[in-house]
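These notes concern the structure reproduced below.
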Amino acid sequence: MSSTLPPVPAASQSPAETIVEAIRRNLPHVPFAEGQTATDTDLAVAPEHLLALVTGLKTRKELAFDFLRNIAGVDMEAEGLVCKYQLYSFKHGHALQITVACPPDNPRLPSLTGLYAAADWHEREAAEMFGLIFEGHPNPKNLLLEEDLRIHPLLKAHPLQKVEILQGIEEGPPGFKF
Amino acid sequence: MSIWPEERTYTHADGFETVDMTINIGPQHPATHGVFRMVLTVDGEMVVDCEPYIGYLHRGLEKLTENNDYRQAMGFWDRTDYLAGMACEGAYCMAVEKLAGIEVPERAEYIRVMLMELSRINSHFMFLGAFGADVGSFGTSFVYAWRERERIYDLFEEVTGDRMFPTYFRPGGVAMDLPENFEPRVRWLLGSIRQGIEDLDRLLTGNEIFVERCTGLSPLATDRAINMGVTGPVLRATGLPWDLRKAEPYSIYPRIAFDIPTGRQGDIFDRYFVRLAEMYQSARIVEQCLEQIEPGLVLNPKLPKNLRIDNGECYVRNEGTKGEYGVYALARGGNKPYRMKLRSPSFCNLAGLREMVVGNYVADAIIILGSLDIVLGEVDK
Amino acid sequence: MATEVLWWIFASAIVAVSVGVVTARTVIHSAIFLILSLCGVGAMYIFLTVEFLALVQFLIYGGAVTVLILLALMLTRGGGTVTEKLNGPQAPFAAAAGVALLLILTTVAIDTAWPGDTDDLPDMITVTPISEGLFMDFGAPFVIASVVLLVALVGAIILARQEDD
Amino acid sequence: MVPLENYLVLSAILFSLGVYGVLARRNAVLILMSVELMLNAVSLNFVAFAAYLDPDKITGAIFAIFVITVAAAEVGLALAIVIRLFRNRATSNVDEAATMKW
Amino acid sequence: MSPYVAFGDPIFGIWNWLDVVVRTVLLVTVMTVVVMYLIYGERKVVARMQQRLGPMRTGPYGLWQSFADAIKLVGKEDIRPTGADRWVFESAPFATFIPVLMVLVTLPFAENWGVRNLALGMFFVFAVLGLNIVGIMMAGLGSGNKYALLGGVRAAAQMISYEIPLVLSLLAVAMVAGAHATGDNALNLNVISTLQEDRPFIVLQPLAFLIFFTAMLSELHRAPFDIPVAESEIVGGYFVEYSGIRWSMFQLTEYAAMWAFSIFGSIVFLGGWEWPGGQDIGWGWQLALTLGKSFFLILVIFWVRTTVPRLRIDQLMNFCWKVLLPMSIVQIIANGFILVYEWPEELLTVTSGIGAVVLIAIIITRALRRPKQSLVGAYRQVQVPVR
Amino acid sequence: MNPEYSWLLAAIPAAMFFVIAFAGRYLPRGGDYLGVAATGASFVLFFALLPDFLDVFDAEAHVLAVAGSIEWSTIGDFELRMGVFVDPVTVVMFAVVTTVALMVNIFSIGYMKGEPRYYWFFAVLQLFVASMLMLVMADNLLLLYISWELVGVCSFLLIGFYWEKRSATEAAKKAFITTRVGDVGLLIGILVFWKETNTFNIQEIIHMAEGGQISETYLFVGSICMFLGAMGKSAQVPFHVWLPDAMEGPTPVSALIHAATMVVAGVYLTARMLPVFAVADHMLLIITIVGLTTALLTSAIAFAQTDIKKVLAYSTVGKLGLMFVALGSGSVTAAMFLLMTHAFVKALLFLGSGSVILGTHHNQEMDKLGGIWKKMPITGTTFFVATLALAGLPPLAMFWSEDELFAAAKDEWGLWALALAMLAVFATGIFMVRLFIRTFTGQPRDPHVYEHTRETPAVMTGPLVFLCVLSVLSGLVVFHGVGTALGFPGGISEFVFQHEPHRYEIDWALAIPSVLVALAGVAIGAFVYWGNDLRRSTALANAQPRAYDLIRNKFYFDEAYQYVIDRGVLGFSYLTSWFDRYVVNDTGVNGSAEVTGYAGSVLKLFQTGRLPNYAMAIAVGVIGLALAGLWLRG
């Protein structure tokens, strides 16, 4: 019976080259390096080119990446912080990942809130979890953590140790003795 | 006596001052579906500003995942969307399989899809019940929905051994095979579910006040919804037939016929109705799975005991019950993921709350929040 | 005899709560004293055998007017400002004026020999003569009063309306 | 029974208290309440006179009804003014609304 | 006792006083029990409608549940928030309860079988019930809580508004009663009930009954008009800060008011103790009939509560001012013509019936009409500043 | 049908104005069909009434008079009557107005398609038709004046139809104000005549004037004032400046109002009042001179214009001048005949230019056109015929009418007038041929415009063809045979042109020079511009640069007016403003205010601005009064 069923196709992706080529054609002035993850095409850009790249990706008719899926920060330890952006186009159905590697001592990125309202909370989350600084964010408060907590729990250099949880707070809450 | 402790005084350009009142809704409030807090600034009954506060349920899911190996971390993930734990497990397993390149036996895929769709029905039942209560029908819808949820949970218990957090899926399949009486049991359950949906449909959709409260409230345009990152039934309510099961098919969904219900203007009623219609579609999917499923293995036999992944990166997305449930996974060797990020649909939908609420009545703010169908476990991770 | 005792009880209560109205230190207390005072006056109408009027007093004053006042208090945060002084700078002079007026009025009331001052109270005044008087003899004032109400209604709506354009 | 003078003195007391309230209070709502007190004193007077002196017995009651009507209208309007004042000035004290003198 | 007792009367005579005191004490006792079983009944009825069992543990079928609750509530600590205005906060439950008790005092449960029988009974009922709002406002203002304040504002706005259609619908009935009553007693509840020997007034005035019932739901803060207490929005409204005995006073008031209103409605519209056939029956039967009718109304209230969601405040106000009020005024005008020109009585039924049908049609079509895409809403959404 | 029903002619469009104006925006297609139906009804009704007019025509006295009037109002012993008066002149005007209006209405459906305020255009068009018809059938000066102003208002509204364009609003204002100057004259004239005769009725005034019952001074003043109005409306020098600017309006409007009908209201008025003017001293000479001046000046200006519609506008003014020449020569016949033929021809020309404008996507500059005959054959052909007709070539319509004019001018004033009139006709030939050649022939100037040019739809070309037929044939009615064949007693010439006792005959001594002049004009024009070649004309312009500048700048009329307004009017305004500021304001207003203010500054010491203080004062007053009362009572 299973022979009569259609086979399960691989996740439908437009061929990776065409997207990259289209981007190169449309945005010749933005330097980037291409790669491939298990699911998506990956573009690596420098932080200073991010805004130009994403603006182009969003506004060019041929690309039309109108949907910011996700922003994920990654702590690459010695190489510094990396920010991953997942984009998708409802119009063309193609997806893209952008990797922005920050220099180890300068985790500054342009904020995408002007382009995508969706970027607001994602950026706040990445900022509080990793200490990334999104320049131009309208409301850069902590989102999930306490408002005055200035430590970044998802950093690799931050093992889950009790003392460090309370780092930056002069006195722990009553009843806590470490 | 301070009745108005959080007054905000605004000085206008012409030198006059007016006072706005803020109301704190949550974190303990019957209408916030968990520990969610929003501070509404009201002018009389009208909301002029809204500030959501989240994080009360933040459990450090991502950090925990990084510190447990691939199989251990499973248990944390079905506690994200705890109304539909199966769907979260499915997404997590798919991400790990994608990273490690593990094949899943066909029977396991069918089992997964069935359980995931039943989870979806379960979650939507929860929405219908809670939404009815938000609109104000004294718990009747809640109890109606609860009846069917109990039956679904009973089935889950029979299949997996647990009701809410089964930890039943494994990278490479599922933990154990189905029980003997599974098919008649599910067929009976589907009949009961259809009856339950119909009951709720008649109770809510057939009520003038319910329709009047919901129709035309806080309509959302498709463009704006996309820009705000809203997905799932809320996006489909704006009229865009976008469902990851069709748009980027995964698992065995391409073999199964189902429709994508859409709304017209993205108002609250459309969101409600899209979910109602989706439940029928899910039941349809489960029935087709029952017809197509065949005996066979349920777990990939070549699966190593201790899963190690050298290198890999993926962003796996599937259609969770609330929208696009995405898992970003990065492996750099070892038996633990280097980074796992959850793109939770509730989180992204909730980000648009402020824009939807401002300009409406306080009573409507509650409904709008309810129509987003958030799960705080998923929002706060 | 019982009636007179009751009357004195009620009268002293009315005076007490009325003093409360003008001396209470929060506006809400003042408003609640006012309700009591108005209800007391309604009871006075019962002593005067016009029970219809007493009910009207309850309905309009107790049910509507004071509620409106309380509503206005809520809307204007009138209760929230306990530190604010409720009496103006001219309160002592006001007290003097009040006492003077009281003396004059009392003098006039007691000194005047009222004609036909009899002690026998009439039977109950029922609704029918009141309504006949209202609609027959005082028809024109009645209509004018209703127009006044209408105008006040419209005016109040226009004044209090939110200008959100 | 209760003589007429009792009612008159009672109403005089109420009226004087009302006058005191109007003159002494700053808050517009409180002034309004004092005015209500005065109006009540007056209508009590009307009814008392009618009950004791009027052969028809009802004229006073009818006048009291008119007084109540006018009071209701007055309250509605005055409170609208107070709310307006509060919206514009964030106060309901009449002596702060002193723009009559510039 | 003469049927036309004015309530100026009890001032005269010690026996009258004794009589009143004994009757009132009896009434309060009965009322307490009735309220307890109303609460129990509501829990049971609602539970059955929601496929549940309701209270089952305390006593057979949970019959003692309310007593247990009452004892628990009385034993609970009486908490007063620091921000509350002490006297206002503490006296508010009494201020709400006293008017309801005063109403109960005037209601005849069977022919001449109440505490007092007043000539202006109907007028008295709605005049005194209006005072109920004061207590709620006191609770709202005195609690020092913003939910309570919002609840108080909502309650005041709602009750003032709905009092008008309520009074007007009763006025329509009073017109009909006045046409049949002899002399000066068309407002006497006893007389009104006996006038319905042949047919209850609901037959003559179905529209008035609908309006009365709607306004009554609103005055009682029952669903779908439970906006002041909406627990999913403002978590109980004006009595959010109360606990223990004062909270149970509010609860008592709510259910006592519901009972009082139901009895009032059953006397005015359903004929009270008069069976439609008009038999002359004993007081026991009369009492059972009145109570049965009132419990039927209460059952409908429960039923409505179980199935209907809550209205929004603006929809509520629109419904009152734009639908109920005009319709009740139209009904009064129609009644006026029919009664003054002495047209046949059936016309009352016909006109009012048409009105009732129109009212129901309005309710249904309002929900079914195409939603208005309001530009204002869209504009507001655009106006939300970026944060 | 009773000829007195002729008031229906105006009533139908008037009613339709209200219908379209109020309901038009809700109707499909803006209710344009209603407009067409209304004008069509007037058109049909006119021909239905025509036999009745003929019935009452008195062939012996050459008089047709249909009069009916109703009482309007009575002021003291003065009875104001209002009514219709139809005579052959009116019949001609009826024919012209209804025909052209119908054609323009049909044409507008195509031309105005897709414009904003589409319905409003048709509404005002109906109002205009109604007013114009009322104007020509009015039997008294007051009604005439009302209609006169109404057509002015319609003209204002339609010139400013595109009020988003600044130039359009400016043009509308200019037209309105310029004609207003003349209209004041007209009003004064009407009042002068009323004062003298105590009536507004035209026939009575004529009767009294002919009977010498009006004193000469009043007669002259009244006549000159009324003629001022006619000059303003008919755009005679020096009031001619508004008409070219009025071309800012939609082209159908230019055709109907500013070529065929409204501007001839002045001619009509003069013709109607000519018996009065004839009695006044030198009036006819003044009219002739004004007409000749206008004809020559504007013909000269037309040489240098590049906008199609402006050229046509100046030619219109010129032809109106010729009509006044005819009137000044005492020949109503010639004037009315010229009016009729000119109306058809000029309407055709304007509609043709509208067709060109629409076909080339709103391009009306000759410099960008050229060679579009091939693209727009129907428009081009009809335009060609109209050009020749306007140039006065036989046997086209205008030849016959100009022939009449020449005869009349020669008879009345002698050769100098004849020569000048012929000069004007000669110039017309040149610039019309220039216009045609530069627009339709040769190589396209702007390939982009040329590419997108296409023939306009049938709803627009249809009226063109119809008017073309009229342009060719309408001149022939001057012949006795033709008129008789059409059913007019004694031939149409005798019917209409009632002061001509003789039958029309061609006077070869005049006709041959006339033909030659016309031919010469055409030929020279063709020679200079042949093949759309500008070399010869440029050479001409370079030969006399100052003369070219003069006509290029329209003889500096606008600048002169501006100078006068700047110096004269503003100077006077300055004086008044000085008076207002220093005498009225400073002394009268501020002085009294200062007195009050000083008093107030004293009185304000008693004011605290605080409500409680006032209340206290009231209370103290009451207590004082009560104490006083008690004390008085003892």
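By written order: A, B, C, D, E and F. Residues from 1 in each chain.
Here, a contact is a pair of C-beta atoms (placed from the backbone, for glycine too) under 8 Å apart; a residue touches a chain by one contact, two chains touch by 3 or more.
Keep in mind it's a predicted model, so treat the numbers as computed, not measured.
J.: Could you tell me which chain lies farthest from chain D when each chain's centre is the average position of its Cα atoms?
T.: Between chain D and every other chain, the largest centroid distance is to F.
J.: Most contacts: which chain pair?
T.: Counting C-beta pairs in contact for each chain pair, the top pair is C-D.
J.: Of all chains present, which has the mean Cα position farthest from that of chain E?
T.: F
J.: When the C-alpha atoms of chain C and chain E are each averaged to a single point, how far apart are the two points in Å?
T.: So the centroids are 27 Å from each other.
J.: Just curious, how far off is chain D from chain A if you go by their C-alpha centres, in Å?
T.: 69
J.: Between chain B and chain C, what distance separates the C-alpha centroids? Give it in angstrom.
T.: Those two chain centres are 60 Å apart.
J.: Counting only Cα atoms for the centres, state how far chain C is from chain D in Å.
T.: 6
J.: Give the residues of chain F that touch two or more other chains, as numbers and ranges in rising order.
T.: Counting only residues that touch two or more other chains, chain F contributes 612, 616, 619.
J.: Which positions in chain D touch two or more other chains at once?
T.: Within chain D, the residues that touch at least two other chains are 19, 22-24, 26, 95.
J.: So which stretches of chain A touch two or more other chains?
T.: Correct list: empty.
J.: So in the complex, which bits of chain E are touching chain B?
T.: These residues of chain E touch chain B: 46, 49-52, 83-85, 141, 143-147, 149-150, 154, 223-224, 226-227, 230-235, 305-315, 363-364, 366-368, 371-374, 377-378, 380-381, 383-384, 387.
J.: How about chain E: which of its residues touch chain C in the complex?
T.: 6-8, 11-14, 85, 87-88, 119-120, 123-124, 126-131, 133-134, 137-138, 140-142, 149, 152-153, 156-157, 159-160, 163, 184, 187
J.: Under the stated contact criterion, what part of chain B meets chain A in this complex?
T.: Against chain A, the touching part of chain B is residues 54-55, 58, 60, 62-63, 67, 98-99, 106, 223-224, 226-230, 240, 242, 247-252, 254-255, 292, 294, 312-317, 324, 326, 328, 330, 338-339, 341, 343, 347-348, 350-352, 355, 380-381.
J.: Provide the residue numbers of chain C that touch chain E in the complex, in ascending order.
T.: 2-3, 6, 26, 28-29, 32, 35, 39, 46-47, 49, 51-52, 55-56, 58-59, 62-64, 66-68, 70-71, 73-75, 79, 124, 126-128
J.: Going by the contact rule set out above, which residues of chain C touch chain F in the complex?
T.: 88, 90, 93-94, 97, 100-101, 104, 107-108
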